[in-house]
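Next come two complexes built around subunit A: one with subunit B, the other with subunit C.
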Partner chain A sequence: MNSFNFKTYLTSNIALDNDSIDDLMLHCKQQQIYKGDFLLRQGEKCKHSFFVESGLLKQYTIDEKGKEHIIQFAPEKWFISDRESVYFDNPSNYFIQAIEDTKVFVLDELFFQELSLSHPNFLDYNNRLLHNHIRHLQKRITQLLSATAEQRYLDFIQVYPDISLRVPQTMIASYLGITPESLSRVRKELAQQFQK
Partner chain B sequence: MATKPVEIVVNPREPHFVGDGFRVHNFIPSAYRLDMQRMDPIIMLDYNSKFYFDPSDTPRGVGVHPHRGFETVTIAYKGKVEHHDSSGGGGIIGEGDVQWMTAASGVLHKEFHEREWSKKGGDFQMVQLWVNLPAKDKMSTPKYQAIENATMSRYVLEDNGGEIEIIAGEYKGIKGSASTFTPLHLFNAKLHKNALATFDFPKHFNTALLVIEGEIIVNESEPVKEDQFVLMANEGETFTIKATADAIVLVLSGEPIGEPIAAHGPFVMNTKQELIQAFDDFNKGKFGYLEE
Partner chain C sequence: MNSFNFKTYLTSNIALDNDSIDDLMLHCKQQQIYKGDFLLRQGEKCKHSFFVESGLLKQYTIDEKGKEHIIQFAPEKWFISDRESVYFDNPSNYFIQAIEDTKVFVLDELFFQELSLSHPNFLDYNNRLLHNHIRHLQKRITQLLSATAEQRYLDFIQVYPDISLRVPQTMIASYLGITPESLSRVRKELAQQFQK
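Let's look at the complex of A and B:
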């Protein structure tokens, strides 16, 4: 799998000198976790944001019947966190768990605060990230309310081009809010369209 | 002709499971000095060393997955594998058989222990290779070559020394059973104790050995044990294998294709753009459909 160094990611998006980077790195650390390990469990307070350098995470909730609903996948170069818990200090409703052995950069809130103060251009960048996240969530809500299973799947493969080869079908179905049988039907119909 | 020396003898790495049916040691591309370029055109070698699987009513294996841009070669030493693909093809690879699948423009397939074999369980031992295709053939039509052991080309060694099964390429004037896109020799040398076999390959061909069973000495100087892999140097042409116990040795030698390699998961192309296209085509069903 590809691997993305967090420092490289940061410096390729924001103008930062080496001294600033070293200062900032005091507020984050690298962590290796293994398939099945948790970074967050339902009921805990989420204290960090995570940047995925390599591997794959999922964020999900479990309903009263014990069914898992995946809110987000985080492959390489994605951030993942429970912003409600980090920002508003509420207990989390979510689990964040590794689907593959994963290397993350663990960022605490001070990291974002310091970077915002010392580098105003980071504020712009972070704003863009936040708005992008909101756009993504709005699209998710709209799709879950009104889109067909096929539309949801086609959007999913745009957002996550290689996830379909890295996770079982049941996880994709969970993310799309459809049954695995419906997902199988969608994929079969797409293949048939191509065969015609 | 000059002697081709041993470059390095590689011990098997820690095994990992592919699906739940293949317990493999990967040699290419993850072992030290065995990246995709070094053994080009052989870009992957997984070795399921002899491993006992308990009886199971539900066959173990690997579910539906795609391939594009290369060929998979499965060589069965022990156990049986059943496979199916999105073009409607399928079959059983039995002991001694070889399945040569040209994935090329793309197939979906799945591989499981054969149902009846799985019910009984037993020793399982296989090699799977990925053979790269030149750029001009990467998007050609997929095809299969099922090579049954009974019909495989053979060279019988003198003095009851055993035989060389010629899966592909040529040995002492006898042509192999499989057709290949680029020059490639693939043999099973089945040697009786104390037998000696000689091999000649051009020096620029990337050449290696895998000892499937027994023990050998290469060039009368380098002892190699069961499950070890031998990378031969790109110098000289001739080398010998002497069996110090009854032995089976997989012999691989291919002319490098020498083109850029862009690989991610089950796709091996020449450029990153072609990889992105492969993921998109797979996601959109252009590889066809196969039931799990």
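Let's look at the complex of A and C:
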């Protein structure tokens, strides 16, 4: 399984000196959780962002009929959080749960804000994270409105290259907003195309 | 028709002194566009954010089959932009077009950034705008994945109280990701419920 050291990730992604990175590390804590464990439950206020060092998380909501809808997967090197709940201090609509045993870095939101004020480089980085998140959400809306099941699946395997091997097909169908039967049909059709 | 003065809006929403507001106004320009005019076309790079003083805009994408999918409406007091395109300097996937004659304030993104650095109050405000945008997008994804046509419509009239009187039903159906027939059925059912 891949594993990414958060400090290495920060060093290569933010133009901060070593002292600042060390300062930053003091305000984060590493946490080991196990398959099935929750980092957030619907109705709770989300207080943190999580960076996945190893393992796999899912963020999902449950509708009135008890059906699960997956909003996001977070494999290695991904951040996951309910930024709305953190920022507006609202109860979250989402669960964040481990699909595999997972090692995360837990980041305090207050620290994000303080570091943004003291380090313009970090401000840029945080700004980039927010815009990247907006890009991702915007693309997902466009897809849910306009893309065929095949287009959605092709995009999915581009965004998450190895996840289709790590989770049950029902979870992928839930993420794509299609039935497991449609997903199965799409996969069969694509396999036939690649064989030609 | 309602109309909102941008300066009044800023004064009541950002804790900035009058001089700073006047500085800000120097970097914006007002623009009058007419029904059917475009502020952005698919493939162009989006360079601005727009604040609607009066009128109504829609942001939409067109799929492979030529079908229009509305991502957002922007009536009075709303901001609209393709933040992804502005920030990452990517060609946009969206059109922004006037549904009614519209008066907008055109805001330069560079100015947003510079003002964020010089005025912490504005930084907070911009940060709030970004998080509000994320909240809105996140809610929309959850709805597209999990809400019934009726729930989507009820939420729509809460977010956009007067738009259902200002646009054709086909546009609302496009925004909700349902067929015009489903929308018509939902409206009929709701009307019957309210009559009881």
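Methods note: the second predicted complex is superposed on the first by the 196 of 196 C-alpha atoms of A that agree within 3 Å, B and C clash if a C-alpha of one lies under 4 Å from a C-alpha of the other, contacts with A are read in each partner's own complex, and residues count from 1 in each chain.
The definition used in the following text is that contacts are C-beta pairs under 8 Å (C-beta built on N, C-alpha and C of every residue); 3 or more make two chains touch, one makes a residue touch a chain.
Please read all numbers here as calculations on a predicted model, not as lab measurements.
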Partner touching more residues of subunit A, whether subunit B or subunit C: C
Partner chain in contact with A:Arg187 - subunit B first, subunit C second, else both or neither: first
First (subunit B), second (subunit C), both or neither touched by A:Pro161: first
Which superposed partner A:His133 touches (first subunit B, second subunit C, both, neither): second
Touching partner for A:Gln30 - first (subunit B), second (subunit C), both, neither: neither
Contacts of A:Gln169 with subunit B and subunit C, given as first, second, both or neither: first
Touching partner for A:Gly177 - first (subunit B), second (subunit C), both, neither: second
Touching partner for A:Tyr87 - first (subunit B), second (subunit C), both, neither: second
Interface residues, subunit B side, partner subunit A - complex: 65-66, 86, 264-266, 276, 279-280, 282-289, 292
Of all residues in subunit A, those that touch subunit B in their complex: 2, 154, 157, 161-162, 164-166, 169, 184, 187-195
Of subunit C, residues touching subunit A in the complex: 61, 63, 67, 69, 71, 82-84, 87-88, 93, 117, 120, 123, 127-128, 130-131, 133-135, 137-138, 140-142, 144-147, 174, 177
